[in-house]
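Shown next, in structure tokens, is the structure this report addresses.
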Amino acid sequence: MGGNSFGTLFRITTWGESHGRAVGVIIDGCPPRLDITADDVQRELDRRKPGQGKGTSPRKEKDRVEILSGVFEGKTTGTPISLLIWNEDVEGTAYEELKDIVRPGHADFTYQAKYGIRDHRGGGRASARETVGRVAAGAIAKKILKAEGIEVLAYTLELGGIRAEKMDYTAVGKNALLCPDPDAAVKMEEKIEKTRLRGDTLGGIVEILVRGCPAGLGEPVFDKLEADLAKGLMSIGAVRGVEVGAGFRVAGMLGSECNDPMKPGGFEKNDAGGILGGISSGAKILLRVAVKPIPSISLEQLTVYSSGRPVSVKIQGRHDVSAIPRINPVCEAMVAIVLTDHWFRQEVLKRG
Amino acid sequence: MGGNSFGTLFRITTWGESHGRAVGVIIDGCPPRLDITADDVQRELDRRKPGQGKGTSPRKEKDRVEILSGVFEGKTTGTPISLLIWNEDVEGTAYEELKDIVRPGHADFTYQAKYGIRDHRGGGRASARETVGRVAAGAIAKKILKAEGIEVLAYTLELGGIRAEKMDYTAVGKNALLCPDPDAAVKMEEKIEKTRLRGDTLGGIVEILVRGCPAGLGEPVFDKLEADLAKGLMSIGAVRGVEVGAGFRVAGMLGSECNDPMKPGGFEKNDAGGILGGISSGAKILLRVAVKPIPSISLEQLTVYSSGRPVSVKIQGRHDVSAIPRINPVCEAMVAIVLTDHWFRQEVLKRG
Amino acid sequence: MGGNSFGTLFRITTWGESHGRAVGVIIDGCPPRLDITADDVQRELDRRKPGQGKGTSPRKEKDRVEILSGVFEGKTTGTPISLLIWNEDVEGTAYEELKDIVRPGHADFTYQAKYGIRDHRGGGRASARETVGRVAAGAIAKKILKAEGIEVLAYTLELGGIRAEKMDYTAVGKNALLCPDPDAAVKMEEKIEKTRLRGDTLGGIVEILVRGCPAGLGEPVFDKLEADLAKGLMSIGAVRGVEVGAGFRVAGMLGSECNDPMKPGGFEKNDAGGILGGISSGAKILLRVAVKPIPSISLEQLTVYSSGRPVSVKIQGRHDVSAIPRINPVCEAMVAIVLTDHWFRQEVLKRG
Amino acid sequence: MGGNSFGTLFRITTWGESHGRAVGVIIDGCPPRLDITADDVQRELDRRKPGQGKGTSPRKEKDRVEILSGVFEGKTTGTPISLLIWNEDVEGTAYEELKDIVRPGHADFTYQAKYGIRDHRGGGRASARETVGRVAAGAIAKKILKAEGIEVLAYTLELGGIRAEKMDYTAVGKNALLCPDPDAAVKMEEKIEKTRLRGDTLGGIVEILVRGCPAGLGEPVFDKLEADLAKGLMSIGAVRGVEVGAGFRVAGMLGSECNDPMKPGGFEKNDAGGILGGISSGAKILLRVAVKPIPSISLEQLTVYSSGRPVSVKIQGRHDVSAIPRINPVCEAMVAIVLTDHWFRQEVLKRG
């Protein structure tokens, strides 16, 4: 009940701190007789690694996943799957000088307020390092969904004020920023480099597209599909907003514009983003999340010591300029986990 | 597990269909020895009643709440509180002609796809009528929070493209549209009337402000305060987007702009919206939701019969032009329920 | 989280006090398109009514169930089913004189210690009246199971020291004490009458038999089938012990006696009681519960006032001599609810 | 939802197979600022090790626990605690010949029926090896309880038909069989040796005593303290029955015998076993579990191959003669976990 588990039928529990000994995840509710190898998981973990794009942190993370349980002779057995990734490069001495300083935009202040204690090294449990467990579990969810013909793709819609104008999904995997518009990707890279030199960081928007999802997933009233997706995505540290389909654009729409007319076989358009009344409609599911700039900047900031005394701080060290694109596979993981969970919940109804 | 419950320590379960016999809610986890009367609940229910503002449905709903359990001689006993509101004016014959038609923008299609059956009368379980139970439970949550000095206020930030420019919280209760800007409220009313005459409907944005919330509420990692708030708000039928603090604005911000510097005693500004790392910071909590236009419009729309055959439809009857302002107390209720739940979760940590 | 819900996929929430306005239950997770009428539920409620056997309370309970939601035109819709039964004959003035007295064997002392308040009328929430909701929900669970060929039967194995020697299941419905041995039933009735005259009460043992349950139900490790059954049964007020198969007899057995040898098509015997490693084996499931004597006796007992001051008390009024046989349908209900829940949990695995 | 988690506020999730790479547990909901060292956990793990008593398996298990997260500089931080114990001595080749044989009394048949696949090595997930995670988590629960003055002690009441006659709790830690009657312990040892020579195994009864538990723990209706205790204990593989206080003896009692009269300051006797109406009464909590004989016997047994073809089998190898006394610390762990969970649940009510 400490909030480290997610899902009902397909349920994950993550653990581990940024500079603790390891991070990991337990997956409870994975069906038996599924082919799973460490490579399946590793492939996804590699996608969230630093050093993928230019705009990402040069910290060397090997991040080799180990499967400790739940898989026997290459197949899942229905028992809990324990995945572990050792932390390396974690001496944490670099953080000693920040030990007593409340870093702006980080969770230092609130963890101390809540728990009366905190592991200050690299943000401890509040670090984005925690998402390694999510991505590892998401790899298995994605494999389950793929077998059902469902694919989840997260791409960079906007970064540092530059927006993708073209929507070429095949381009997403071909540029470091996972942008569907290669030209925009080039401009984003330039913006990142300029911002890095200034010691500052950038926000952006990630869009998540789900193709192949059948109608029927989602449980009204509280466990609406978009409600669980919103929770899953908003639980990612840097996310400050979530929208589905037309999202905040609906505020300015008329009902006659917003409604998606139906025709035999489907919808005329998809402003609903593939979800009606909390249940998937069979149309593409479309979500967007607002990603805040990385709070660790090397520019001078006013803040306080733990004691409350004022101080100014520059956060040194090798930090990403933007959580994008490393956050993209995390978004994919959360969406895949929610869909897998609701897939199983819907299976129960299909009987009889 | 059908998704009709919400919360962990303070847990509500709603039931009932639009044109069934009654709607209601069970609240499990309400502390004992709290003064609760039917009037406390009725007051909140009255706020979501139609006919409050001009822009609202003239359907006459008496909505008298009955407390069936959990309260003894005016005080809660710690046992589940059962609140029931009988449905009146529910002959449902008005809906007979729509019985086999899939109404655009409604959940008709997806309920049928999910369950293979649906109560077509007034949307059945998918109707906004379900929120009566939420508001009833929220009334109790708000009372619990008030005793701790926490207040939740939802107001209309935007409606039909008209945005509140002033932010006078004392004005909110004084106009039918619950708008903090009385001048904007007047324009909104005009827009509503014009739109009603055209047979169309309007969307908008509701902002929710929480004052008096102490630091420490929220459970990382998955049960972050904003994640649970996002789920709670996104579970309201008409909501298509949720944001906290600067929300989607963070996408265009630099880290040096987005971070809230600290000073002795608090934050210099509050773009974080009162939540850092999933935990309340003691600053005001600020949330916004995008509300889609009511899908029931009397303009002609293309759609299909349940059989898939095409048809055009005009939804007649007395419908609201906008879910705002009736949705505002529902937003308050969901936020109050989430905060109460996290308040109790944090109580456990305070010991020792 | 106040402990008034039970189950995961098939989840019930009961509410109501002995002398409150009504009692009821919400069933969340009932599949759609199931034929359910009030009569289906009423039939089971009638079985737990007083006045069924001679040994039961003459309090007149009409106990007419009303279905308030979740059923449309005679079929379930997949939305929560709300069942309500009004309390009648509940003036409660009879309890005024006991208001400040801690009745031995009842929950008066512990409710006061836990909540600092209690509804003293007839035991309030701690009353066996609460089980009306369980039996109502159990009626639906039994109907679901029956369609799958699974039957649950609870019968009186022992009462007041008299044990059934014959095991004729067809006899169970034919005597008021629900005993598989008609001769024992006669002796039990005599014992009840004698005990009633003395102002005392009797305990006994109920055995529950499940026929037709396929292999595969139950989730190791913690949600073993017998673990969930034990919880469900032990949650019935009067139950003080639960055992499966050979039960406490295993303590004196050798491994070579206790193991059930296998042969093609099944087991040679069934000391395991139909469950191995927490999962049903396809053999008959056999459970037994120890039922304590009704604590309300008209003999003089030493006890205290709420204030702690000593007093002696005789509990007057029309009380049952034994919780048996009215507890038998409650046992059936709990077993049926657990099996239905695990049936759905197993459905998820059957796919693919 | 695969059933590998237990508890609500203090929640554990175990993982790992008998002959997989490791076993472990995640504890979510442990309060911050608690002193915890690996030694605290190791001490309890050592108590469940084989080779403690004569009657136990000579398999050499080092079982060194590693704390991978949740503890910083010797103190808990409020984040999930991950405990891992590597499996050693696990080549599993010894199990190759049993690969296709359904061992009587084991979960081989039911796991295969449920999952369609099983890790046959040493019972896989169904092995008692899984309880390592429970005992590790229980060590932390016991530490939390101890700070509140609550102590849990499990001792051997009966083994192989020999029953403890004396009840000297100080003797429990002084003999290998954890028996409160040293003379009975000697006879039990003799019985074990004789039985071992015959290739057979023994059952018994473990009693669990809780001292220092205040009144008020337990949540009616379904989460009664004894209901959660029954579930926790019945979820231990070898347990076939659970009773509280007088347990099955109540079946033969009169109400006037069974009720515990009250006097100023407490109860005259304690047949209720410290729990009334699902809530602890402040008296000693007393539970008993029936432990079946270890099913692995070297005597010849009739059984079948996975294919269904009949075969006879002798289970060779070094196996315990009885699950007692190694099961005793597992019982303590489960009781401690349930009490800790309910302690936290009750904390929430204490406010205000």
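We call the chains A, B, C and D, going by the order they appear; numbering starts again at 1 in every chain.
Definition applied: a residue touches a chain if its C-beta (ideal position, glycine included) is under 8 Å from a C-beta of that chain, and two chains touch if they have at least 3 such contacts.
On a predicted model such as this, the values are computed, not experimentally measured, just so you know.
Q: Go through the assembly and pull out the chains touching chain A as well as chain B.
A: Shared contacts of chain A and chain B: C, D.
Q: Once you count every C-beta pair in contact for both, which comes out on top, B-C or A-C?
A: Result of the comparison of B-C and A-C: B-C.
Q: Express in whole angstrom the distance between the two chain centres, defined as the mean CA positions of chain B and chain C.
A: From the centre of chain B to the centre of chain C is 39 Å.
Q: Hey, how far is the Cα centre of chain C from the one of chain D, in Å?
A: Using C-alpha averages as centres, the distance is 27 Å.
Q: Could you tell me the distance, in whole angstrom, between the mean C-alpha positions of chain A and chain C?
A: 46
Q: What parts of chain B, by residue number, touch at least two of the other chains?
A: 1-5, 8-9, 14, 29, 32-33, 78-79, 114-115, 125, 220, 349
Q: Spell out the part of chain A that touches chain B in their complex, as residue ranges.
A: 1-6, 8, 14, 102, 104-107, 109-111, 113-115, 125-126, 130, 158, 160-161, 195, 200-205, 215-224, 226-235, 237, 240-265, 268, 272-273, 275-282, 290-297, 299, 301-304, 308-310, 345-346, 349
Q: Using the touch definition up top, name the residues of chain B that touch chain C in the complex.
A: Interface residues on the chain B side: 1-5, 7-11, 13-17, 20-24, 26, 28-30, 32-33, 66, 68-70, 72, 75, 77-82, 84, 114-119, 124-125.
Q: Which stretch or stretches of chain A touch chain C in the complex?
A: 8-9, 29, 31-33, 78-79, 147, 220, 344, 347-349, 351-352
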